[in-house]
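Both complexes below contain chain A, partnered by chain B and then by chain C.
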Partner chain A sequence: MLNEGEVRIPSGCAISGIIDRTGCRFNGNDIIKSITLMHERSNGLGGGFAAYGIYPEYKNFYALHIFYDDFNIKTETDKLLFQYFDIAKDEAIPTQRLSTITNQPIIWRYFVVPKTSQLQDKRISDNDFIFNCVMKINKDYNGAYVFSSGKNMGAFKGVGYPEDIGKFYMLETYEAYMWTAHGRFPTNTPGWWGGAHPFTLLDWSVVHNGEISSYDTNRRFVEMSGYICNLQTDTEVITYLFDLLIRKHKLPINKAIQILVAPFWSEIEKLGNTIKNDLKCLRSVYSSALINGPFSIIVGCNNGMIALNDRIKLRPLIAATKGSKVYVSSEESAIRIICNNPEKIWAPKGGEPVIVLLEKEQI
Partner chain B sequence: MSLDFNVPSFEVIRNEKKCIQCKVCIHQCSNMVHVYDEEDAVVYSNNNKCVNCHRCVTLCPTEALLIREYPLEFRKNTNWTRQAIKEIYKQAQSGGVLLSSMGTPKTFPIYWDKLLLNASQVTNPSIDPLREPMETKIFIGRKPNKLDFDNEGKLVTVMPPQVELNVPIMFSAMSYGSISKNAHEALARAATELGTCYNTGEGGLNKAFYKYGKNTIVQVASGRFGVHKEYLNAGVAIEIKIGQGAKPGIGGHLPGKKVGEDVSATRMIPIGSDAISPAPHHDIYSIEDLRQLIFSLKETTRYSKPIFVKIAAVHNAAAIASGIARAGADAIVIDGLRGGTGAAPTRIRDNVGIPIELALASIDQRLNEEGIRNSVSLIVAGSIRNSSDIVKAIALGADAVYIGSAALIALGCHMCHSCSTGKCNWGIATQEPFLVKRLNPEIMYKRLVNLITAWNHEIQEMLGGMGINAVDSLRGNRLMLRGIGLNAKELQILGVKHAGE
Partner chain C sequence: MKTINALNVSCYRHLNEEIDSTILTGTKQIVLNNVCGQRYIGRGLENNIKIQIYGTPGNDLAAYMDGAQLEVFGNGQDSVGNTMNTGRIIIHGNCGDTVGYAMRGGEIYVRDNVGYRCGIHMKEYKEQTPIIVIGGKAGDFLGEYMAGGAIIVLGLNLKDKNDKIVGQFCGTGIHGGVIYLNNSHLYDKSVFGKEVLQSNINKTDILFLKKYTNSYKKFFNINFNIKLELFGKYIAVGKNPYSNMYCNY
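Let's look at the complex of A and B:
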């Protein structure tokens, strides 16, 4: 049977996210509790978390989290890493042994900055250097997989129920100002750790519930800009779309959203001339970046969080606020279990984003 | 039967019991097949002249007529077929090049029929276009790589001109001359009502039709017939015709007998003179020359209209398309092997070029690999027969399709493949006033509107089934396709998996 990455596997899921917009940090207990409540929405074939603000002591370093199949490939990959980067620290990511988590790969993290000489040679930015390096390892180093590459953030994921994955990585020992979580229900048994969510690139992380029917159109579009879709998952391509539109094309978040979940033409026709013209341009230039099919996603980055539904809301998404915290989840119950009496709780409309930016940038 | 050795192609069978000798068939047939014998007071038929256009059959009030293939059998021989033998008789008699009309009847593979579409089940809900929005609007034209906004959120990128289409279907180039004025009017009015475009072809634009300019694409071909500044500015886009799927590598020929007063004025040539389009544009002998023509046209229209470049699908189409995109074209039109024509040399039509599906797949792939697919639009033509052909074309990478034969069939064409005779009984491919007036544009444009409306609804149903609610998300979405009965090489070129994979 083909592994994930060699074949496209649709999946349904549960997602949850919490952010404190003041940047105040809290441990992983709440997010685990929230995603655990939605146990029925996953089937034990994938769970994961993204946490932002967890590495303040290394906040100027890119934290590379890498899965290795064996030590041979680690040795080989290390050669590349030590050639390209100044490495402040590298270590096994702490985990605890659980009967429910089996077949784990070697899980390592590196805190790195590109060597100045490397950057000068290649005349590219830090981010692009990391981007190229991640693409290279994931494509050419068979058995090595970079699953997290941002600053002061990290992804923790694997094959299992999300609550077990949370325990396995001991997330109660990390403190973050933003947590997202994912429980997976794939329609196949890939059994590969890299296939779990969140999917990340640089400081982007995406957890996703849904199956996008525009996958191949989106894939071809991002591949023209140098992205390589190794995993053939919807989440991977969504992450690349965000990176392409916001980081590379420098589009404001709201414009990017208007591309990804574009307003319907019937709505656009009702608007004033300037905004109508802008939207026509956005939709025609970026028509291949429209995400179609049912989905709800939570996107994390160092500025904050974006939660988003498809244009006709074919997947659940609930949001709530209390104090400085904002909660988003597939189910209301998964918010209420960690947030008594939210001040506001609502179901965002299809295509209507929930954007929560940090009050001051954390990095 | 006569000494030209040829035997009739069709046999007219008249049911004498049903025939009331009303003479409708006689009046309707421009080929003079039916004759009334005054002495015997009977109507009889000259089989030899019949082209099987169904006009008499359709209009016979008592259903007394039937046309069928002439039943005379040649001795069975898979090599020397009836057609092969008849063509030799014809050429031995005339000494001329064999001429044919419409698309090739040969049995080349039709890949549309070997591709299957996907639909949602369980993991992804299908969408009902009668309940939910289902978008088929597209924009044809060059797209910048990215859009830039200033700090106030104001768009600073200057957007190149675009043609906005409500449906991804346009009417392809058919010149005034090759088809009648009434046929053109029906196309123009239908395009206007549908929010799409028709194409003038290379015969210029009749003054009466300038008012449909917002839905008109004007064509510039090698003969430059009817091309002047006002014409170039009359439509929403200009198409440079380099080649045509039915006759790659050769020009065109409108016989002088079709050049009446009005066609003469529109084409800007003398009445009765043959209109011969040379095989190449004599100012385009290479890609850099094409660039000059593209930019001459852009200058003439002050950069307000996209420039399309139309080529026939030939072996090296992918590299040529890449060159066209880099030469500054805003849209590339590919016309496939099975595309139609008013008249083409038979040997060319039946032997030159490649199927549109393979050309489209390889061009889209090539432009993607070069990172320039998003900067140009890709329009395909050449025997698009129905809405599922269109869905498959878009999934293979097309932005839109052109339809020619299908539009003419909606206007009454019965595919008798005799356009070049100029005697079209349906008033389509003719300039004879008594035939032209048989095509009432007031009635016929509605049939075109009906056809495209129906197809668009079918497209929406298929999109909805795939869980897609905008045609944008279908373009290049080859995962929605599976091949059936195709070999590994074909699958590789089409970029699709086999059914079951």
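Let's look at the complex of A and C:
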């Protein structure tokens, strides 16, 4: 089979997300119901979920979810993992056999912390150590792919319709305070297990409907900071941009948003002097981090959720609130199917983020 | 009159097939209950059929519709009236993006707001003139690449003086048709695309606006007074601006 980047298939997608601001956890049934409603937006070549708060018993460990093509590459990768990490537990991720899900790789998870000796040798933080390790495996270990590497969260994805992927991973058995989901209609590239959304790094996850025409500019920009875009898919680079701006450069979320979907120069000119200078600085310093092209995305992290559109809203996005829960989705009906009579339902403007932070940090 | 319950009809094809077979029995009026996301409702439907829809109909409601009347008690999603030919859609709520996408004729009434790109590339030919009436506000790119027909925005729900009836880039690429915006004469030029020309409102315009605002009042059973002579009228700067885009002879 030709892999990502080797063939081009033009096409749409579905995204959906639910968060309970109080950190109260609920199982995967609702998110599956929501993404299932938008069946027509996918074509069976990719589905996936991100779930936050699912591993409270291992909340101080990084949960590495890894796809392996075969046991040889697993053995090889295990050598690296056991050398670098103290591993509290490793196991096959529980799945159930379904006729609709075929050609699955070996799907394994490890709950790990970097060995103290390793950190001292390299003088880097835990997060950077994990970062380096993820990049190394995804680049050098052909046939092994780390698809989730955060604490107390996990991605579950594969080739199939999202409703089948949800059943396959038995997401009704997990409880999370935030769920995001994606139904894929591959744009530009074929469906393969690693190419399904969400794309993750540490506790960041991104589900995305659209395509990033600034991909190469963005890729070159993050590569300067050690990110390696192995998957040749546009969504990957969005995940790395969030990690770079917010975790590494320590920018507040609203500043990062002003960089990623910077207002047009014509809009900036209309503003007052202080804010004008501020925005001009951001656009100048971070011009290569501007994301162009049609997109709606839902970004997850341990603090909460960010839903965002491109500046001229070339992809759909609807948001709603009810009680402590906030819902975002590609279609209003996908929210109404799981939320009767929302208190507020609205269509965010292009470039106007919906930011929902947890009332207290979960880790 | 027949009632169809759309609850748990997860595949839009099944719902639309049921509507088709109901019409084949000679039924002219249908009520759809519990609609949630099913696409293409009313696609290609012809004259004399009336459908009342309760819930949230899916994308491309009334695509290619040809004479029927749909009334939605709820919000519409994206691309309501996609390429519709004739007929009427009444939405008791908001609508998503690209309402009246490439619409060729007929009428769409939206009680509240519409999203981005309402009326994108709507067109007219001889007696076929599509009309969109919006009671609230419109998002960016209203009437983008518009080639014919009319869009009327009433702005009945504006909060204050700074609240705008229309988003940015209104009429970008317009080359035919007309956009009427209530009380917009003070708007900055930057709100509009560079292909847009503000024109003077005349008696014919006032009669036209009167006709369609009266219909709006009737369909939604709302009464209000607005000064029709204060509407801003926007048309294309030139005729056929793209004639030389692909060939120069």
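By our rule, the second predicted complex is superposed on the first by the 351 of 363 C-alpha atoms of A that agree within 3 Å, B and C clash if a C-alpha of one lies under 4 Å from a C-alpha of the other, contacts with A are read in each partner's own complex, and residues count from 1 in each chain.
By our rule, contacts are C-beta pairs under 8 Å (C-beta built on N, C-alpha and C of every residue); 3 or more make two chains touch, one makes a residue touch a chain.
Just so we're clear, the structure is a prediction, and the values are computed from it rather than from any experiment.
> Where does A:K255 make contact in the superposed view: on chain B (first), on chain C (second), on both, or on neither?
first
> For A:I312 in the superposed arrangement: first (chain B), second (chain C), both or neither?
Both: A:I312 reaches chain B and chain C.
> I'd like to know which partner A:L37 touches here: chain B for first, chain C for second, both or neither.
Second partner only, chain C.
> Considering only touches as defined above, state whether A:F221 meets chain B (first), chain C (second), both or neither.
After superposition on chain A, A:F221 lies in contact with chain B alone.
> What is the contact status of A:S266 with respect to chain B (first) and chain C (second): first, second, both, or neither?
both
> State whether A:N127 touches chain B only (first), chain C only (second), both chains, or neither.
neither
> Just chain B (first), just chain C (second), both, or neither: which does A:A347 touch?
second
> May I ask you to decide whether A:E331 touches chain B, chain C, both, or neither, giving the answer as first, second, both or neither?
second
> Comparing chain C with chain B, which touches more residues belonging to chain A?
B
> Both chain B and chain C touch chain A; at which residues?
266, 312
> For a test of understanding, state which residues of chain A touch chain B in their complex under the given definition.
8, 10-12, 187, 210-211, 213-218, 220-221, 223-225, 249-252, 254-255, 262, 264-266, 277-278, 280-288, 290-294, 311-312, 314
> Under the definition above, what is the set of chain C residues touching chain A in their complex?
10-12, 36-37, 39, 55-56, 58-59, 75, 77-78, 94, 96-97, 115-116, 139-141, 167, 169, 190
> If we count contacts the way the header does, which residues on chain A are in touch with chain C in the complex?
Those residues of chain A that touch chain C are 36-40, 266, 270, 312-313, 316, 318, 331-334, 336-337, 345, 347, 349-350.
> Could you please specify the touching residues of chain B with respect to chain A in the complex?
120, 123-125, 127, 132-133, 135, 137-139, 141, 143-144, 146-149, 153, 155, 157, 159, 162, 164, 368, 371-374, 466-470, 472-480
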